[in-house]
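Chain naming follows the written order as A, B, C, D, E and F, and within any one chain the residues start at number 1.
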Amino acid sequence: MISRFDKIAVDLPRPKNPSPNDAAAVQELLGGRFGEMSTLMNYTFQSFNFRGRNKLRPFYDLIANIAAEEYSHIETLSYAINLMLTGTTKRGKDPSATPLANATDARNTYHFIASGQTALPIDSMGKPWSGDNVFSSGNLKLDLLHNFFLECGARANKMRVYEMVSEPTARAAVGYLLVRGGVHIVAYAKALENLTGVDLKPMFPIPDLDNRKFPEAKKLEDEGLHRIMYTWSPNDYKELDKIWKGTHPMDGSELIVDAGQPEGFDPPDLDEEVQLNAPGVEPEMLAEIAKRLFG
Amino acid sequence: MISRFDKIAVDLPRPKNPSPNDAAAVQELLGGRFGEMSTLMNYTFQSFNFRGRNKLRPFYDLIANIAAEEYSHIETLSYAINLMLTGTTKRGKDPSATPLANATDARNTYHFIASGQTALPIDSMGKPWSGDNVFSSGNLKLDLLHNFFLECGARANKMRVYEMVSEPTARAAVGYLLVRGGVHIVAYAKALENLTGVDLKPMFPIPDLDNRKFPEAKKLEDEGLHRIMYTWSPNDYKELDKIWKGTHPMDGSELIVDAGQPEGFDPPDLDEEVQLNAPGVEPEMLAEIAKRLFG
Amino acid sequence: MISRFDKIAVDLPRPKNPSPNDAAAVQELLGGRFGEMSTLMNYTFQSFNFRGRNKLRPFYDLIANIAAEEYSHIETLSYAINLMLTGTTKRGKDPSATPLANATDARNTYHFIASGQTALPIDSMGKPWSGDNVFSSGNLKLDLLHNFFLECGARANKMRVYEMVSEPTARAAVGYLLVRGGVHIVAYAKALENLTGVDLKPMFPIPDLDNRKFPEAKKLEDEGLHRIMYTWSPNDYKELDKIWKGTHPMDGSELIVDAGQPEGFDPPDLDEEVQLNAPGVEPEMLAEIAKRLFG
Amino acid sequence: MISRFDKIAVDLPRPKNPSPNDAAAVQELLGGRFGEMSTLMNYTFQSFNFRGRNKLRPFYDLIANIAAEEYSHIETLSYAINLMLTGTTKRGKDPSATPLANATDARNTYHFIASGQTALPIDSMGKPWSGDNVFSSGNLKLDLLHNFFLECGARANKMRVYEMVSEPTARAAVGYLLVRGGVHIVAYAKALENLTGVDLKPMFPIPDLDNRKFPEAKKLEDEGLHRIMYTWSPNDYKELDKIWKGTHPMDGSELIVDAGQPEGFDPPDLDEEVQLNAPGVEPEMLAEIAKRLFG
Amino acid sequence: MISRFDKIAVDLPRPKNPSPNDAAAVQELLGGRFGEMSTLMNYTFQSFNFRGRNKLRPFYDLIANIAAEEYSHIETLSYAINLMLTGTTKRGKDPSATPLANATDARNTYHFIASGQTALPIDSMGKPWSGDNVFSSGNLKLDLLHNFFLECGARANKMRVYEMVSEPTARAAVGYLLVRGGVHIVAYAKALENLTGVDLKPMFPIPDLDNRKFPEAKKLEDEGLHRIMYTWSPNDYKELDKIWKGTHPMDGSELIVDAGQPEGFDPPDLDEEVQLNAPGVEPEMLAEIAKRLFG
Amino acid sequence: MISRFDKIAVDLPRPKNPSPNDAAAVQELLGGRFGEMSTLMNYTFQSFNFRGRNKLRPFYDLIANIAAEEYSHIETLSYAINLMLTGTTKRGKDPSATPLANATDARNTYHFIASGQTALPIDSMGKPWSGDNVFSSGNLKLDLLHNFFLECGARANKMRVYEMVSEPTARAAVGYLLVRGGVHIVAYAKALENLTGVDLKPMFPIPDLDNRKFPEAKKLEDEGLHRIMYTWSPNDYKELDKIWKGTHPMDGSELIVDAGQPEGFDPPDLDEEVQLNAPGVEPEMLAEIAKRLFG
């Protein structure tokens, strides 16, 4: 079971020149094969499906705990996309004014037809996220190897989307995810090392570009965010410190477990888009609604 | 952000005669178009995407809060499926003994090849869950109507899967979901009533069979579980009591908000399946692993 | 535009030993790549999309007219499937009696969960029909060649499904479709002959087994049904007689155009399946409904 | 069975500045999840699959009859798309002149490669229509609720596509569909009212913008087109007047049943696109073809 | 089994003004329904699946041999796409410089996120190639008819993509494929003629535009490349000369079998794209790698 | 380019009790996400897409060469499936005898409707192979890590399918693939070691069961087949010996490069299935066909 808080992981700056195609690109990191929907659902199902848990508790705790963190990643990306789509069409209530004219040339029309200029579980080409993206073989070594590869693939995608989009909203989100995804890469490498004795350090980083080349990521690493594993639970997943220990393979800093979770930031309140009827509640209706709700 | 607890919502009895095809049927409720993956992801994305939140806080709180509960539903169904698949093949380490012989005739071979006899985000025919199942138009009235329909469609599926599978593990899970899904149906009806003034009571129940005809559900309704809306958060989503109030459309009982969440039960520890190498950690490896972990 | 009649093309006998898996096999002919959904939608879109229509009217009339006939084919197959699924589970209103127990082992669980033991636009493996099955290149010669191939592929599938299912309901439907599909094969061969001068007769039949080897088809061919092209319209598509003329490539009989359409048969009234809540209208509700409808 | 007429429902003006991306947007209304392919196929299958028909004839008649109308909607949209794509590339027979150069940047390349600049059963992103879009549970109340939701979702999409495309061809088609889709929304609301007693009027309209804000729709409503239910059959579906009666929820006007169908308009004759070989019949071939056809 | 050579079939000129959208269009010919992945896999599976091979050896040899040639076609198109994508973004190692900025507006973002500006088994809209594209009924006449249609459909697509893209790299590849695909059309027509006696010559060409209208194809046909069937094997597939004989249906030239395969050209060495980390091997790493490889 | 030989890699014994469901299970290894279609196409595209080839020749040679071997693996599995489906229905030419009756209950109806009881590019649930299964990031380290993971995932699937099917035809094929796939796992581990210095030996084997536990694999390893890398080319891919050198991580034996390829075995001649019209050439037609072919 989970408990939910109305906080997001990153304090997202408002975009400067929001462009639908920038938002469409960021969708890859949310709903693509290597997007955060995939990391979230892979680790969630692997945690539910873990056989022999009591014998191998630290591994279970690690996977279950990272699954919990991934939820905040789909949340962060969704808000980034939402902000980047807000105000990208002409506001107004007259449909004849063709307020969505520029959406016709946008790469992703779903953002304007299926959603209210908001995020969807799709990739940068509009392909829906699929349950096929979940790998859960039940073999611990293979699942960990998969997770290590998945996170490296996700890292490559983050790097490339960063290079596509200069919008500060996107870069703040991606920079954060590079750091936290980096934590997960190290975690799965440590897990494989504990399980088999292999030393994966010589492979770091994959691809061969340091997070510190990304200013938003560097800032967070300077604050040590790449060294911290939160437990994302008040009481559970406490044996992950058996795996998350020792030094970081990139800078040799000491790895730290932080019980609970980061404080987070208030999520942005998204402006209405009246031309999309989103949310579509007219001012004149509000009094009556308020009476029913609060009266 | 979320916090995760190592508790599940239902105390699942161990199955009596576990059958792969029973487990395959239950997958519809997890990964089908009307399964809990769909309810979870619909409400999750609608909560991220909510425009004009501050103006319409009780509606946002309701959707965000139900999204949080749905997580426990995919968890419950996954554990039910896992238990129903445990031990359904011949245990042993000699591959030549054809330990998975009976899987050849099972309806869902993915359970034995892609997973370690565990749950996957697929439906009863093995089709993967798809992001296409998420509806998030941004128009509040339309999204609530969708959610009301989605929950009714989900209810019909639950009723039919219940009728397919007599296994007590499945019936305990489905009975619980009938009750809690029923809470969500009422919640979205109340939300529509508050938003528009419509009275949907005459339509209850959809389909036309009372939850109380299902013994496992009746027991829980006798305990009042159909009247309670948890907030699934220590501090947030507190304005849902503006919507979740008054009486239940089926029995006229009073609706109650319960801050936080139910206590829950320890998740089952799933037995190993050595013929599947799940988890595939041999006893002779354990000492060395323990040394690395704890040494 | 169309006009619809409450008649079906074939007088379908009730099944003798209805089996869910037989019905699942027949789905291939309805919703498979070479099923009647495909022929219907291919010719429908080709007729809408026809460029240079006035110059090539007989070809347009032929395609538009066959499209109209295909509607009766999806209707026929749907009713055949519906009859074959009726009564295949245990009737009754107590869900605890596991009335759908045998559906668990059925190849197609969608028939019992997504539908009320009725037809769906899916194939024999449950894969949904896809718009990808529509070919509409705009090049008349290529579209006609496609249609000729499509009908031959459809014929092969009909022959094989006939060989899988001995149920008289299915055989009556498939026998009819073999004859009428045979008309379409000849029609597209004649169209190609008129367009290019090619003589496709030496290729007949594809595959190499005469319709007359199928008793239900032979009976209809003895009545001459393989020689008749209906116009499926009171006033339009009258120039198809410029193409549908001369002799039949298989038996040399004369080809005939019949203005309008066959008389048809009353569709079967499908029994209720109370355990599926299909239609789910309880006797005690009927009086009130009647009052609203007729009062 | 159906009868087909060479008439379309709307007199479509020729486009002024045809743009491939405008046509690509309109595809959402034809082949999208909430497009007319979906309404057509949902009601068609629900009519074939109706259990207990004789007991509930007015409901069956209503669904079967609306299914018949939907055919004219896929026809109308297809012609609108076809007109909007006609002449959008450079005409000519020399392939080296790169006549399709501007198609390279078009959002939907299928219009130029797979089709002859014509309509396809795909959505605005090129995703093919899927049989998954058909809901046919067999439970009448649930199916009607689905249909009510489906039509409201379709209405939202129509409104948004209208706002994207100022082209008069598209607006004429969409304005017409807003009115006729509005008839269907009322029809399913009335059906639910007759079945259960629920009064859905307070929810109208969904989303909250009157059809009369769309000039092309307003003109048709001024003529009363939103009050008429055609039977789309000379002799059948006559009991729908038991449901389609009383007043319109938006303007209180009286609802009228009109036996048969509207007269309609001649479909446009689409120009050839020689660079696409559509239809690809060279003038020098015509004499020979004519001799075979008419000689 | 196969043997592989480091040669490609066409000497591809470097592109002049490489454009991502041109490359995206060419993908249709590689991974589309009628692309070379489809011809390769159709004939490959038909050759594996051939029943009664010894009785019908020339047909088997023909299909198996054409399958072998198709491999060189996916290779040619992949290299053409790769060349057309090389250098289309800003080279450099600083991610903050937004080196992939122009990819945001490209039609196919997968080329920049999933691949290193290289080819993928997808079509012009990014849809992945699917095994559904393989037709292998086992009925020889039907499979040959399919192949004849498939090649004609492929020819139409090639003609249209040629008309979209003026880039010499693409035109060299497509011109070559028009000629060799033309060989396959003739081959399947001859096979059908040998099997059934049908004469398909009157249908040539489909669509109705001679290869000789395409300068790059004309040049190759002037050299006689349209008359040659290679065996693509040193020792096998030698009975195809029983089918590939007589004259070419377009120009009456004599058909020739050439044992073995064409000499081919060295494949281009693709430049690195450092901003994509492709291949991502830094100069400073090379010495160490060389030591491990060659030391 | 390739050259093709009429030889297969394994001398496949005829099955003893061929069962359609056994064949359906083996399809996972051919067309599943981790099947040989995936390994073939991943390495094929990676070889076409390799950037900086001349600088990193041994890595290119290794990938290109393994791609060539994979072709023989799809061939082997296709023949195994074909043999296992041969004779599984009732032979005969009278369709009324319901010769395919037992196919109705088979898990994979495509084998009997879409194919002539032969292999298709689909998985064990009938899902078509998809181009989405190809990973080709262009980053060499990441692509090699992917390949290492892919082969380990493929190994797990092979082990499980082996445990499902006792049929000697299947076991001979799977045993062979376990050995050769094992070669590829070692190869990608060695490539990663050469590229980065990492030592992956401690992870072997994944999953944790030695190939030698599989009798058919043990026999081949006793012959040394796990130590040999063929070049699959007379002249190219010769620098792979820079990577394929040293000792085998499982048994310490010396790794050997063998120029060219194994000799192989004659492919089985598959019996006709007359009830499926496969190949559908009647004896009485043969004389005429022979006259056309050889006359």
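Just so we're on the same page, a contact is a pair of C-beta atoms (placed from the backbone, for glycine too) under 8 Å apart; a residue touches a chain by one contact, two chains touch by 3 or more.
The shown structure was predicted, so the numbers you read here are calculated from the model rather than taken from an experiment.
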Those chains which touch subunit E and also touch subunit B
A, C, D, F
Using the touch definition up top, find the fewest steps from subunit A to subunit D.
1
Going by residue numbers, if over half of the contact pairs line up, that's a repeat, so tell me which of A-B, B-D or D-E repeats A-D.
D-E
At the place where copies subunit B and subunit D touch, is the share of residue numbers found on both sides over half (same) or under half (different)?
same
Angle (degrees, nearest 5) of the CA superposition of subunit D onto subunit F
180
Give, as an integer number of Å, the spacing between the C-alpha centres of subunit D and subunit C.
23
Per the C-alpha means, the centres of subunit A and subunit F lie apart by a whole-Å value of 37
Chain-centre distance (mean CA atoms) for subunit B and subunit F, in whole Å, is 39
Contacts with two or more other chains, residues of subunit D listed in rising order
33, 107, 114, 125, 132, 135, 137, 139, 141-142, 156, 197, 207-208, 276-277, 280-281
Sort the chain contact graph into one of these: line, ring, star, complete or other.
other
If we use the touch criterion from the header, which chain pairs count as touching?
A-B, A-D, A-E, A-F, B-C, B-D, B-F, C-D, C-E, C-F, D-E, E-F
Contacting residues of subunit D [partner subunit A, same complex]:
19, 21-22, 24-25, 28, 32-33, 107, 124-125, 127, 156-157, 159-166, 207-209, 213-215
Sites on subunit C touched by subunit E in the complex
33, 132, 135, 137, 139, 141-142, 145-146, 148-149, 152-153, 156, 192, 196-203, 206-208
Please give the residue numbers of subunit A that touch subunit D in the complex, ascending.
93-101, 103-105, 107-110, 112-114, 125-126, 275-277, 280-282, 285
In the complex with subunit D, residue positions of subunit C that touch it
1-9, 31, 37, 41, 44-45, 48-56, 58, 64-65, 67-68, 71-72, 74-75, 78-79, 82, 114-122, 128-132, 134-142, 193-195, 197, 232-237, 242-243, 260-262, 264, 267, 269-273, 276-281, 286, 288-289, 292-294
